[in-house]
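For reference, the structure is listed below as structure tokens.
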Amino acid sequence: MWRSVWQVDTSTTAGIIAMVLIVLGAFLLMLGLIPLLQALPPRGRRVLIALITFFAGAFFAAEFFLPLTKDNENWLTPGVQPAQNVLQIIGSLALGLGTYGLIRLHLRNVVQRRAQWGYSVVLLISFLTMAFFSIWNTLAAKNLLPKNSVLVRGFEILFDYTLVQLDAAMFSIIAFYIYSAAYRAFRVRSIEAGILMFTAMIIMIGIMPLGAAISSWMGLPSEVPKDAHPFSLESILYALSLPEIANWILIKLNAPVQRAIEFGVGIGGLAMAIRLWLSLERGIT
Amino acid sequence: MDWLQEFLPLSWERLNIWIGVICTFAIYSILYRENPFYRFFEHMYIGLAAGYSLGPLLVDILYRYWVEPLTQGFWAWSFVVPFGLYLYFIYSERYGWLSRIVIGVLIGASAGLFFQEFASRQLPQLNSALAKPLWQTSNNDVVISDVLNNWIFIVFLLSVLTYFTFSFEHRGVVRRVATFGRWFLMIGLGAMFGNTVMARTALLIGRIYYLLHDWLRISIGGG
Amino acid sequence: MQTRQPAVWDRMLAIDRRILYLLLFVNIVVFLLLPVQLKAVISPPARKFYNAIEKLQTGDLVMVSSNWSASTIAENKPQLEAVLHHLMRKKVRFTIMSVEAQARDLSYRIAQRIAKEYGYEYGKDWAHLGFYVNLIVAIKGMTTDLPATVKQDVEGTPVSQLEVLKGVRTLADYKMVIDVTPSGTMPLWVSYRPKGLIVLFCPTSVMAAEAYTFLDSGQVEGMLTGAKGAQEYEQLLKIKGQGAIFANCIQFSHVLIILTILLGNIAMFLSRHAREG
């Protein structure tokens, strides 16, 4: 029944039964742990959470900092891949939490007949229908369930012709709002606003083909020989073309600004990471 | 007449396009004013999006990383999902703290991984900034325009960093440098704004292209 | 007391926003229909992107990280299509992975369609490795042990049976990763990748400005910026795609937006001047 300490032989009936019992036992054990954990005093709970947080972080931090031996790994490296799988599973349950919260809210709307509960019915029906087809489609792709015309047609209508179109349309209306906001709210009342607007305008036109067309119409060269002197008239005129100015702003002026922001965010992120790792941040864990 | 026959939803393919168009106009109706048509499709969109995610989550993740190892007999994995389900206690007032155990694992792991991210992400950029040649020598083949650009890079970087240093009050020369830093920051923000406008407009153009090309079957200029 | 009649510029400032929406809509329709096709100027990051893929040899292995959903389909789809065309033209092997649920199906279908044109066989020349919840741990896992992290592709085929991944132990066996994304996934690839793995970036335009610091430091070798980047790439590859159509229309919307901003500011100054006068 046992291939090794960590693996049950599931090719036998006894092995399958053993696995089912182990899984059920795991659920019962975690359920049974709850009264024990609940018995912990508040201080004890905080210590438990802080310890778990610390060890979860210590594993990856130590794995990074410990020197590498042969084969570019240290003694913790083999643990990274199983840890990855565990975090993927927990991460998926965390994503499911959002879905659960959404469904819970709308179910409550329907049951309690709150205002506009009809829309919640629409949401729940859409959710159930799409979930059914999505799970079926994903299992069918792995040949775990049969694929038929109902699945293909249903998934096509729901995904390709409804969800994709709604998603694209929802995000495309932002363009209208940006345009309206740019007209109503973008006012040059200070030097900073002026610099921002001027730069944005140069970028918006310069990086597009229209910028090159305008520069060409103004008589500026669209290219310069490789061996041309950097301060020759031809080079200077080429440098004054809109595409060149726009690219220069992006590559030479924008890059150091973004780097400064990166440094600030990085140092702040590092400080926050240490605080979270050591559970110094209140209200999180 | 041919165009009309091709335009109307007389086949599965055309019906699908019409469904997409109705969805698009339903969402765009909010631009005129709030209406039940928009609300209906908005709620349908949220339901579809939430429902769709279950397929990849359950099959690509849970089935691949949990069910399959269990079917192969690796019994230790059986504890992972029950442990992860502690997250759902977040909705309970009495047992809510149990969810923080699982959140602690996720946050601890992210924090522990951040050291590598800082080292691999920020340090090479610091190295790159410090390694920029600021004058021509006989050893480097740097041209004068690159030297000028590198000086501009360093001045911009230091000015913006000065602006972001809030640990002490900006006075005198530091204040002037910080002011220049704020102006240079506006250049970066202007670049971001220009790119943002381009991105959002592209999304709208994509939608209108769908309406003109796929639905109305109009030939698009140059396309 | 006599009230001042609203002047032209006051009426301009109070214009109904629905008129503005209609103006933008008409602008886009007109310039989509007009046969205007301006040639793109290839930007340095796009040129570097192209050159990086040109340097690949037949049989090299590339990871395409496709993380976009339908919300950014207009920018990321032309990019992904152009990139896949180039990879298949170079007869390079590739695998696709996604950290966005929708991206899994979207990228799979696009790759299937383009693969048919080049006679690429699924499993032998390319494969889709499915959806992952957490990109950081996925990269870390693949850097340590790729087969144990991936386990199987979207069709349920175990990694050991995929010819495209024959002999592949870790991410270090890949030559490059191409990140097609509307979100901040590129810094994660830069941070956690094995040494020597080249990173190429295909963001939506929103994310592009922040990436120039990574381009400057060499952490990212090349970049295609949104639909404009897709247009440049299509031009380099000499293929017809949606990037050129969209980019040609975008520029005229920019002209409208710039004129509108200028108009709004002029109206504000004149209105203020009239009030003070």
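Labels A, B and C are assigned to the chains in the order they are written; within every chain, residues are numbered from 1.
The rule is short, and it goes like this: a residue touches a chain if its C-beta (ideal position, glycine included) is under 8 Å from a C-beta of that chain, and two chains touch if they have at least 3 such contacts.
Since we're looking at a predicted model, the values are computed, not measured.
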Item checked: Distance-maximising chain from chain B - centres being C-alpha averages -> C
Notebook entry, point to check: Where the centre of all protein Cα atoms falls, which chain's Cα centre is nearest to that point?
Noted result: B
Next item on the list: Take the average of all CA coordinates in chain A, do the same for chain B, and state the distance between these two points in whole angstrom.
Entry: 7
Next item on the list: Measure off the straight-line distance from the CA centroid of chain A to the CA centroid of chain C, and report it in whole Å.
Entry: 15
Notebook entry, point to check: What whole-number Å value describes the gap between the mean CA coordinates of chain B and chain C?
Noted result: 11
Next item on the list: Would you pick out the residues of chain A that each touch at least 2 other chains?
Entry: 60, 83, 85, 87-88, 91-92, 94-95, 142, 159, 163-165, 167-168, 170-172, 175-176, 182, 197, 201, 204, 207, 250, 254-256, 258-259, 261-262
Item checked: Where chain B touches two or more other chains, by residue -> 31, 52-53, 55-57, 60-61, 65, 109-110, 113, 116-117, 121, 125, 129, 153, 188, 191, 195-198, 200-201, 203-204, 206-207
Next item on the list: Specify, in ascending order, the residues of chain C that touch 2 or more different other chains.
Entry: 21, 24-25, 71-74, 102, 132-133, 137, 140, 152, 154, 209-210, 213, 216-217, 225, 228, 247-248, 250, 254, 257
Note to self: Please output the residues of chain B touching chain A within their complex, sorted ascending.
What the structure shows: 12, 16-17, 19-21, 23-24, 26-28, 30-31, 39-63, 65-66, 69-76, 78-88, 90-91, 94-95, 97-98, 100-119, 121-122, 125-126, 129, 143-145, 149, 152-154, 156-157, 160-161, 164, 181-191, 193-198, 200-201, 203-204, 206-207, 210
Notebook entry, point to check: Which part of chain A faces chain C closely enough to touch in the complex?
Noted result: 60, 73, 77-78, 80-81, 83-85, 87-88, 91-92, 94-95, 141-144, 159, 163-165, 167-168, 170-172, 175-176, 179-180, 182-184, 186-188, 197, 201, 204-205, 207-213, 222, 243, 247, 250-251, 254-256, 258-259, 261-262
Check: Inside the complex, what are the residues of chain B that reach chain C?
Finding: 31-32, 52-53, 55-57, 60-61, 64-65, 68, 109-110, 113, 116-117, 120-121, 124-125, 127-129, 153, 188, 191-192, 195-209, 212, 218, 220-223
Note to self: Going by the contact rule set out above, which residues of chain C touch chain B in the complex?
What the structure shows: 18, 21, 24-25, 28-29, 31-37, 71-75, 101-102, 104, 130-133, 136-137, 140, 151-152, 154, 187-188, 190-192, 204-206, 208-210, 213-214, 216-219, 225-228, 240, 242, 244-250, 253-254, 257
Next item on the list: Flag every residue of chain C that touches chain A in the complex, lowest number first.
Entry: 13, 15, 17, 20-21, 24-25, 38-41, 43-44, 69-74, 102, 105-106, 132-134, 137-138, 140-141, 143-145, 148-149, 152, 154-156, 209-213, 215-217, 225, 228, 231, 247-248, 250-252, 254-258, 260-261, 263-265, 268
